[in-house]
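Structures for review follow.
Heads up, the next two complexes both have chain A, just with different partners, chain B and then chain C.
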Partner chain A sequence: MPPGFWRPRIINASGSFQKLKASRAFGISALVALTLLFWAVFRLLSPTNFGSSRQMTDYLQTSIQYAVGGCGLYFIVVMGLFDFSIGANIVLSALVGVLLSRHYGYWGLVLGCLLCGTLIGAFNGLLYSRLRIPSMIVTVGLMLVLESVANFVVRLDRAGFPGKLSSGGMLAFSRAPWNYIAAGAAFLLMFFLLRFTRIGTYCNAIGSDELVAKNMGVDVERYKLIGFVLLHFFVGVMALLTVSYGRGMLAVTGMSSMDRNFKPLMGTFFGVAFKKYGCPVSAIVIGEFIIIMIFNGLVALNVPTTINDFVTGAVLLTIVTLTNRGAKGSVVK
Partner chain B sequence: MSDAVLRSERLCKRFGITTAVDDVSLEFEKGEIHGLIGENGSGKSTFCSTLCGIYPPSSGRFLLEGKELKARSQVEANRRGVSIIVQETGTLPGLTVAENLFLGEEDKFMHGIVKDAGAMDREAQRLLNEYGFTRIVASRMIDYYSFEDRKLIEIVKATYFNPKVLVVDETTTALSQSGREELFTVMDRARSLGNTVIFISHDLEEVIERADRISVLRDGRLVATVRSAEVGSGELKHLMVGRELGTHYYRTDYGEPVPDEVVLRVDDLSVPGQIQGLSFDLRKGEILGIGGLSECGMHEVGKAIFGASFGRSGRVTLEDGYGVDSIPGAIRHGVAYASKDRDNESVVIADSIRDNICLPSLDDLAAGPFLRSGKLDAFARRNAELMSVKMTGIDQYVSSLSGGNRQKVVLARWLGKDSDILVLDSPTRGIDVKVKADIYALMDELRRKGKSIVMISEELQELLGMSDRILIMKRGRISGEFARSRSLGERDLITKMV
Partner chain C sequence: MKRFLSVVLVLALASTVVFAAGNKKPLIGVSIWSSTDTLGSQCKRILDAAAKALDVNLMYIDQGHVSEKVTASAETLAAAGCDGMIICNSASAEMNAVINTCTKNKMYLAQFFRIIDKTANPNEYKLACQSPYFIGAVHESEVDNGMNLVRILCEKGCRKIALEGWNSGDATFLLRWQGYKKGIEAWNKANPKSKAVLLDPQYGGTTTDTGRATAEAIINANKDIDALIVAGGGGDTLIGALAAIDSMGLKGKIKVMSTDFLADLDQQLASGAMAGESGGHYADPLFAFMLVYNAVKGNYKKPAGSFYEIIFPYLYVASPADYEAYAKYFVDDLPYNASELVAMSKLSEPDLAKKSAALSIQDVMQRRK
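So, the complex of A and B:
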């Protein structure tokens, strides 16, 4: 028998390497290493068009918008649910924020985005729990409803350019430091909720085994509702950043808002994949940054959009597979 | 009885038309270990689940220290001083060890809505250290720990708050010998502190050795409560089953010749990290026992023969020359497999008995692309009745059956498929003596009909009693081979296992 052949398939968590592999430091180091790797590769391939400090700052400012949405999505994805209406909520909340900003300035913009987002979350959650049908179906229906409402709201805006933020006055959240402050506050809130309240524990417990969680006294319906509310609160913050960064928002129809779901979701995948290292928030933020960096790196290389999407998707799949792949034979749903 | 800490009064629990617990009035004394035994489906686990708030009673009640106990969840039962360690794992992946330990009990670490996660980790670590499980780190995700370690964490979770009543429900089958000893230490400590332990196990010797008194349930009704010092396992079996089982539920024949015809040949079979270089033959009408310590690799052998192992090398060849390399191929060529992990790998829990039995035979039962439900019903009913599955009907969900009856469904499925080679991994794990006897009788009958069986088992008596030949494994290899013989004893097998 070759030396070292025998190893029982149970995990020996007491081994020092296993201890290291299970640590938060390992997870964050892996993310930082990936960031450096992709930066180095694109910098090498396109030294003039990619990777300067100014460009990296731009990538960061774009990625934090998606990362905020990714943080919100984490609460429900980890429970095994999904929400297709977040893109439509971003559009509607942003338009409500713009409309209110006409009368109440920044207060109107900020509160309009956050309150509208949160209320839609509460509505989604209540509808899901009352109708008792899968979250995907409920939220696809709601997406269509919200897109229609957004078109109605934009007609209420009597400004010269409906949905456009007035130039100069209302653009603080489009640039530093206020965009960092808003996003940073959202990340801190996410970390706080996961680590220092019951919400993080209960969302994970419900996702692991709803029945056992129920038997442990967890009010499953209540925490699912809380999950939806939190998701859409974060979507409200994302709407604020997005409408500021884009200097306005266009109302869309025909499920076009779905397009806005996927970039935050990519960050959420990173969060779920790195959950086992105890660093989901860092993973969402850094993961989103990696995705944006790859996207811009490919643009710098003049890669067509279709190829760009292909490469970005493939990289995401590779990273998540390498970090979160189940053992051979394990059941993956 | 004046010293009763817990009392059930005319307790009934019904699921539809099935009465799982029927008018049970029972007293548990302070500071005793009280064994609760009975066949599969006799109502033991339902009785305890009702006590712990997992099910509400249909009628009757529990009195804890004279006051009615009406828990609506396990946490509520815990708060009243009743806790349970369940048969399968009760911890949740995706949470840390500390979060698992205090799930539903976070209040003591809350300051308003803010949870003191550091204090929770420290308290969890203190408890783990106190129990002697210093290798387990409270702040680490539970996913990194083995099944056995998770079981130990569950033991801490169920006992750290010094419950007045601790229910240990078939936990020992999931533990190694050292894990069992740790559990018994916890049970003894609970008794010495004046608390009560309700101990459910199918290992009658273990119950007699550990318990002060034993209550026997049969078909949901209380049959008797006896002092363990005054009974033997024979009397308990009689009480459980309601008739003499006799001492010979194993085969009694010795020296019967096994035909030379080889129906399955294993050549140099290896699975990385599990088994290496196994070669053996299985003959027609033979029961080939495979035994060893739990982690010796024997459970992987069953999977490898059935084409269910990953990274397998070597050959598994059937009589007709077919080389088994996939599960569908194995089934098509008459190989059947019943896993040790019955609930996760053998039965579809959230499906009916009918669908479970018909599943591998759908191609045989179909008329072209169409299935006729009448034909499926008749097929399922015939095989379920052949195995005497205790059920309300074939539409009953497998999740509502006891462990023994689930195993009967698995066997009914393969009987229906008329498989020639059965690979049975731990066929009587967690199963009561009556069903055990039924399964042994079935195996013997199949053997006589020329079917061949590979029986993988951790129970030495079972190997000795049922096998024509026994292979013992150690660290992934065959370390010994024994032919059926009256003179063969456990000691002979153990010398090759360790």
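So, the complex of A and C:
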């Protein structure tokens, strides 16, 4: 046998494994494995109170609203931008939707949420590109403005229960199948945009190196504007699902709406971490599901909410670090 | 873009000038968790009516019961030139900074829905007694309220009661929780063969969606509960919890009790979604307002080494008929009209305290005859 006969085969096997490790199938398998792992751990610890099929459905119904927001955030987070006005937009769009639903029924609710969300996105994007200051600063200012507008909108609602959906009607999106249909349509749209349009590619290119992307002919300003519009369109869908899920929306001031930014963002972190496997949408959806599953698992174990937050944060950091840690010596932005 | 920004800036400044113009009336600040949620908007309604009747300007600050925002609200109101302020703080520890700000700025201060606990917060209590500007506190007996809710549930046959709070560490929640625990102890002592149990609380925030998610988690984790107490949080937490129970097909099977009346409580009681509720206390801030108003006018003198304390009564509703009477005098109308509010502003402090204690549905019915 000539020397080195086995060598090419060994290299091929290693190459195949590397190829498999970078494939979409591997990414999705890892996400499914993580889901099963957390399910198994909590199921073992709390066999009667956690993880039945009915309960899993409840967890999924809770998580999809955050996953929709997470999908929207992905468009700007991969470009290295951030938007603090998401929570305020959810509040304002939901209140506009509720107000319009009093006159136009479901059309008012759906179009109110989606159009208001998208228009705010266009406004945010325009302001960001015109003012030429960091997105965080622009969106903090806009958050305060939108919160104030939301307080005016809720005062226009002359119903006995301002900002709340009546228990008799307008609740189709609070339960299956309509909440799944709305969320599923948003996920499919996200998948389509990333896979079959240049938006996903350009967003990634801008995030990797804005200057290089510009020199390659990418209209950076235009795609950042598109990113903001898409983000807030998804936020509009999230507003529809959130206001239906809770059956109402509370107008807040003093940056209190900022709390609503972070649950979608956690899903986006999953999406960014699993971007290299080509499955950001699945990662966002499954990531949010895992977060909600952990919350419910810890409640099943009667763990106090403060510890619950600690565990959720620690798990998120661990997963993102394990899947997305840069190579030694690499520059982390 | 520069022109657009200039126009925005001019509009913002102009609106400030317009709002500031003619600000010669007494200005009283209201530091509240939210002026738009179910309970907060009701508080605002009665405070606005009192301000209109007495020709006073009000300035609201929503602080969301976030500690640093609570303390900052006093500084903001002082900077705005308020003559006095009323506050619903979150934790008693915040009152140290709030009282110091008020004393420094000679701004009268009264608490509503709250009182500083002499035993748990002795330093803040001492500071409140010493400050010439801390005029008093209006509050409910939260422990008794908690005990009553648990007693009603136990009498309705509930033996495993889950608890959903809003923010851990909130002073009112801690008192209500103490009441729930005392209620359980009292029941178990009187009924050793039919003991009840209260689960540890989970916190659902103050929004409907977080309220629903937490209630679903509680119910999924404890399938055998027969009652859920939603401790409060302004009403939106309860709306979310009711949505959770409805969506899980458990309406009527899990008895829900809460504090803070909902606007559609009659429907919730009729449908079996709610077993009963304590509330109707949105007029509590009115009495804190009257304390501060009279202090600003120089009618009330701060008691030496102490402060005024007014206990406000809860109303309990457990049937649609109960609610109908409540709605007539407390929802469709306010419990005090303009002339009664003016008359109330002229009462001495002991009479004001008596007026507060006397408030009930029957009291309003008699006045409206």
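Please note the rule applied: the second predicted complex is superposed on the first by the 319 of 333 C-alpha atoms of A that agree within 3 Å, B and C clash if a C-alpha of one lies under 4 Å from a C-alpha of the other, contacts with A are read in each partner's own complex, and residues count from 1 in each chain.
The definition used in the following text is that a contact is a pair of C-beta atoms (placed from the backbone, for glycine too) under 8 Å apart; a residue touches a chain by one contact, two chains touch by 3 or more.
The model shown is predicted, which means the values in this text are computed figures rather than measured ones.
Visitor: Which partner does A:V218 contact after superposing on A: first (chain B), second (chain C), both, neither?
Guide: First partner only, chain B.
Visitor: Regarding the shared-chain residue A:F295, is it in contact with chain B (first), chain C (second), both, or neither?
Guide: In the superposed model, A:F295 contacts chain C only, not chain B.
Visitor: Looking at A:S29 after the superposition, I want to know if it touches chain B, chain C, both of them or none. Which is it: first, second, both, neither?
Guide: neither
Visitor: In the superposed arrangement, does A:T201 touch chain B (first), chain C (second), both or neither?
Guide: A:T201: touches chain B, not chain C.
Visitor: Quick one: classify A:R130 as touching chain B (first), chain C (second), both or neither.
Guide: Second partner only.
Visitor: With the two complexes superposed on chain A, say which partner A:T57 touches: chain B (first), chain C (second), both, or neither.
Guide: In the superposed model, A:T57 contacts neither chain B nor chain C.
Visitor: Between chain B (first) and chain C (second), which does A:T318 come into contact with in this model arrangement: first, second, both, or neither?
Guide: neither
Visitor: Quick check on the superposed pair: does A:G163 touch chain B, chain C, both, or neither? Answer first, second, both or neither.
Guide: After superposition on chain A, A:G163 lies in contact with chain C alone.
Visitor: Go through chain A and flag every residue that touches chain B in one model and chain C in the other.
Guide: none
Visitor: Which bits of chain B are touching chain A when the two form their complex?
Guide: Listed in rising order, the residues are 53-54, 73-76, 90, 92-96, 99, 103-104, 106, 110, 113-117, 135-137, 139-141, 143-149, 273-274, 276, 295, 308, 310-311, 475-477.
Visitor: For a test of understanding, state which residues of chain A touch chain B in their complex under the given definition.
Guide: 1, 5-14, 18-19, 22, 78, 195-198, 201, 204-205, 207-209, 212-218, 275-276, 278, 328-329
Visitor: Quick one: which bits of chain C touch chain A in the complex? Just the residue numbers, please.
Guide: 1, 34, 36-38, 41, 61-64, 66, 69, 168, 199-200, 202-203, 205-214, 216-218, 220-223, 234, 236, 239-240, 242-243, 246-248, 262-264, 267
Visitor: For the complex, give me every residue of chain A touching chain C.
Guide: It comes out as residues 46, 48-50, 55, 58, 61-62, 65, 130-131, 151, 154, 160-164, 167, 174-175, 242, 245-254, 256, 259, 292, 295-296, 299-302, 304-306.
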